[in-house]
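Once you've had a glance at the structure underneath, I'll fire off some questions.
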Amino acid sequence: MIKRIGILTSGGDSPGMNAAIRAVTKVGLNSGLEVFGIYNGYKGMVEGYIEPLTRESIGEIVTRGGTILGSARLPEFKDIEVREKAIRQLRKRGIEAVVVIGGDGSYRGALELTHMGINCIGLPGTIDNDITCTDYTIGFQTALETIVDAVDKLRDTSNSHHRCSIVEVMGNRCGDLALWAGVACGADIVVTSDTGFDEQDILDRLRDLDMIKKKKHAIVIISEKITDVHQFAKKVTLNTGFSGRATVLGHIQRGGSPCPFDRMLASQMGEKAVDLLMQGIGGQCVAIRQNKIVSYPIEKALVMPSESKKPLTNLFERLS
Amino acid sequence: MIKRIGILTSGGDSPGMNAAIRAVTKVGLNSGLEVFGIYNGYKGMVEGYIEPLTRESIGEIVTRGGTILGSARLPEFKDIEVREKAIRQLRKRGIEAVVVIGGDGSYRGALELTHMGINCIGLPGTIDNDITCTDYTIGFQTALETIVDAVDKLRDTSNSHHRCSIVEVMGNRCGDLALWAGVACGADIVVTSDTGFDEQDILDRLRDLDMIKKKKHAIVIISEKITDVHQFAKKVTLNTGFSGRATVLGHIQRGGSPCPFDRMLASQMGEKAVDLLMQGIGGQCVAIRQNKIVSYPIEKALVMPSESKKPLTNLFERLS
Amino acid sequence: MIKRIGILTSGGDSPGMNAAIRAVTKVGLNSGLEVFGIYNGYKGMVEGYIEPLTRESIGEIVTRGGTILGSARLPEFKDIEVREKAIRQLRKRGIEAVVVIGGDGSYRGALELTHMGINCIGLPGTIDNDITCTDYTIGFQTALETIVDAVDKLRDTSNSHHRCSIVEVMGNRCGDLALWAGVACGADIVVTSDTGFDEQDILDRLRDLDMIKKKKHAIVIISEKITDVHQFAKKVTLNTGFSGRATVLGHIQRGGSPCPFDRMLASQMGEKAVDLLMQGIGGQCVAIRQNKIVSYPIEKALVMPSESKKPLTNLFERLS
Amino acid sequence: MIKRIGILTSGGDSPGMNAAIRAVTKVGLNSGLEVFGIYNGYKGMVEGYIEPLTRESIGEIVTRGGTILGSARLPEFKDIEVREKAIRQLRKRGIEAVVVIGGDGSYRGALELTHMGINCIGLPGTIDNDITCTDYTIGFQTALETIVDAVDKLRDTSNSHHRCSIVEVMGNRCGDLALWAGVACGADIVVTSDTGFDEQDILDRLRDLDMIKKKKHAIVIISEKITDVHQFAKKVTLNTGFSGRATVLGHIQRGGSPCPFDRMLASQMGEKAVDLLMQGIGGQCVAIRQNKIVSYPIEKALVMPSESKKPLTNLFERLS
């Protein structure tokens, strides 16, 4: 049986990472393991920035956004020499297995380490919901709440000035943040990498909302990296009866106290990760699928096709 | 094909009922139906307090708690004469089918009406998560957020005064609110109708938290109608090193703007209800199961056993 | 004694405008007046878009952002013919006096109308706190809460990634939003039109925070229209150890349910405005000064010097 | 010039105490002082539970409710021997002066210590706004936000069920929380120790609201310790058309992240306290009066009459 495990957070942070760190630590300690925090992602693993986690060090973190372990990029981790150095750091401390919380880039590192003898389990920590094997990633629902709260605020002021609010949200590869926010806020138009961006069509629909449907304001939600929303807002002002205003929500979407859903999800996934490691299993990633906590081999997870967005897109349209 | 449907909310209100009303109305109108609001639950059906719902009448309601249709109790609805009167009111207006949002008491009425020739579909609108056929009811996640927000606040002050905060939450028949809140808030003890209430044992555990584990404060979450929490708080003060303080969250748990999860769930379920009615189906209730929107015959749904709470209870204990 | 008053909102909206509308309406009705809503600012006055306000029409608006009366610009209002047309619309309906909620641009219109025989009273409705005669404008504290909430979120994620978050807030002419947010959030650097923007100096201070003070992250708050924050973020990344990220909060600052302070301020000011009009007074604007609700002649108010920001700037520096 | 100061929090905690601790520490350190945290109020002073505060120990606390220094009661502090012991603990560490954050009970201790040679400055830390010399106490506005948020939630559900929500808030000696909340929430009735509690009259008014004014729901806000609100709710159900429901907000009112107003107030007052101590002044308490930060001799402050509540009570009535 293993005795010592490590945990790290990697890639962009997401609300709920701390709840996952807490769960891994508490479940680990209560199962008789020693638990080590590896700081600043794989970088800290290579540099040996590794310290024991205790009940005290994780006290009260369940309520807080960000990650107490920090996160950093380390592209060099794809080099075997770098990974070997990391493994030496782990072995020196007797750490036999590691939980990696992050996106699918982080999963690759976890898989490589497993191949080199350190069992690793990945947890999906990203607000974008862009890990195809899981129905929800840790942080997605909280980011959505930040977006919906912001759009509810914009609606107040938009409504008072006959405006079209254009809101850019995160999630380029996966439009779930935009699409869910669209349904939840009663937006008029949602643009994602799936829907494509037909500028002329959108301007036509906005004109229709203004002149035919007599709407007092309009809300457009658009995934990042699709168009320059500030330029587009100007075109809305020029070409429709609405006054266009763009808002780029940016990094506030990554912050904030995790919502109960994310705290629960992170706790369940953290528990599962420890259980897998104690069974001697590595190279897997944890997911919630059909409302059950499950795990998949990372190789398989990385190539899973994403679920069709068709039903949600249809719902959005039927709510218009 | 049907042409006119009605919608009502019944029983205790829950956040997201308005989002469901909006979804039924919009999907209905976009499918060529006329949609009627039946006010104050079955009472309004009997009294004929029924009015058309338009795009305007549901504008912006997606963000608001409560129900614009109101709710009221009508125990007499179990009498066939009363229901016959209700059906006459519907027929007079050409309403052929009805969506009923409420708890399982409301489902019984929906089933009776279906037997009498008015197809009804039930949607689970209650914060208690006590409808066994669905993994989540509309309003559960929002109520949880209200609870978690309150407990996070109590923690601040509890921590500053070496207190034991005893928090009574809703959900007598189903302990999900208490158990989820326990995991999400990092509570020390959770008491539900499943766990039972062994007062002496809890006092012992609190003494242990104070004297052995040296905790600065403690949080106990307890489902309603299990004990008098104010009396229990006094016993905590007398028998442990903590100063006990009870808080009964009460009806604030039913209010508030629905969280995105509940807005989405309500929207999907509203869509499903309209689709079922358009297919000529009645006597069913909509549920989310294994992350899919499904429906069950109400007779079957009412006798479904609830899922085991064991995994969650275990998780809670392993996080201690 | 006057019998009929009107109320309008003008310029950019601010949270609490609805609370002021409610106060003017309720205090007016309870004082035996009839109260009329003038929609879309001076534009609606000219076009005669004017309707009676009743207890029902203002029900529940105290909790909501934006303005139910709408707002619009009308530069032509400086032409006397346009104002004469407006006055005819008022006279036609027997409206003898008007409450104008808005910024100091709106005050000028109010003054002109007073000179032409319609007593007007101005209320300071703007989030920028840029009306010099009043210590607080209606909406300032709520906007501040939105900013502080956003910065608290950015801190989570900033902290996890060794970032410097650069946050652009509203208030170009008056740096209060930036300065108050700086104190309230524990920001490292605040840039306003008062402090000036010495790019090189700020980069030096950030390097110092990173290398000498070993801070894990930094927060810079900057008033709008001072520099291109996205460009500046790039320079931070290039020239300091922090990774720079810019966030432009934009219009979300204008929205949201008003905080109690703003609801109270709006209520007190609305009451004062009605009292002044009932005393036959016009051409004044209401202010809170030394924690008392007072009024000043608009001519005088428009040229009052602003209070020195020195004490707050000193406080900010002493908190570094 | 003094070199070492201490700081403690005493009595019930309030949001913003941490912001005051931060301000005293930072301003102190930046002025060349050493700053010591005295834990658990006067108790820790007597027991010598005193530790240096550094920039690190107060990092990020500005955003958090409660007090990192803890608080506890020590009635024995009125005995001179106990205070002498406390003073020995201070002298042993070279602490020459102390900032005391708390209610007026705490001020008495501060005054006694000053008489015995340790200059003390009091800061008003209590949510009740019951310190007559200051217009606002630290925590009052945040507590108000918690109340208003809860009442806004109750309104949703109250409205849906034709209910009368009776909400008990803190502040027995001073009705400001109830009165401000009444104005801010648009409550129908407010009961404080100033207004008195005429049960029959209130029941009459509620009947009038139901039957004459046709209100869909009613909200009554009542200060603590005036009546048993649960019993009163039953009488409302029996004697009016509304269904009465009582909610006791309790200790959640003391928690939560302080609002910007309280963070600023705490910061300004902390700065003032350090400045007074550096000038060799003790036996004073800091206040905000006429929107200026000032100080008064504690003897004088303790006997100041409270401001008349008449204007606010009138405003509340005119808004009905």
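Each chain gets a letter, A, B, C and D, in the order it is written, and its residues are counted from 1.
One rule holds in what follows: a contact is a pair of C-beta atoms (placed from the backbone, for glycine too) under 8 Å apart; a residue touches a chain by one contact, two chains touch by 3 or more.
Note that the structure is predicted; figures quoted are calculated from it, not measured.
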item: Number of hops, subunit B to subunit C, where each hop joins two touching chains; value: 2
item: Chain at maximum distance from subunit A, centres defined as averaged CA atoms; value: D
item: Gap in Å, rounded to a whole number, between the CA centres of subunit C and subunit A; value: 35
item: Centre distance in Å when subunit C and subunit D are each reduced to the mean of their C-alpha atoms; value: 28
item: Shared interface positions of subunit A, touching two or more other chains; value: 152, 155
item: Full enumeration of touching chain pairs; value: A-B, A-C, B-D, C-D
item: Contact set on subunit C toward subunit D in their complex; value: 22-23, 26-27, 30-31, 60, 62-63, 135, 141, 144-145, 147-148, 152, 155, 180-181, 183-186, 257, 259-261, 263-264, 267-268, 271, 288-292, 315, 318-320
item: Interfacial residue positions of subunit D with respect to subunit B in the complex; value: 9, 12-13, 15, 17, 64-67, 70-72, 146, 150, 152-162, 165, 216, 245-248, 250-252, 254-256
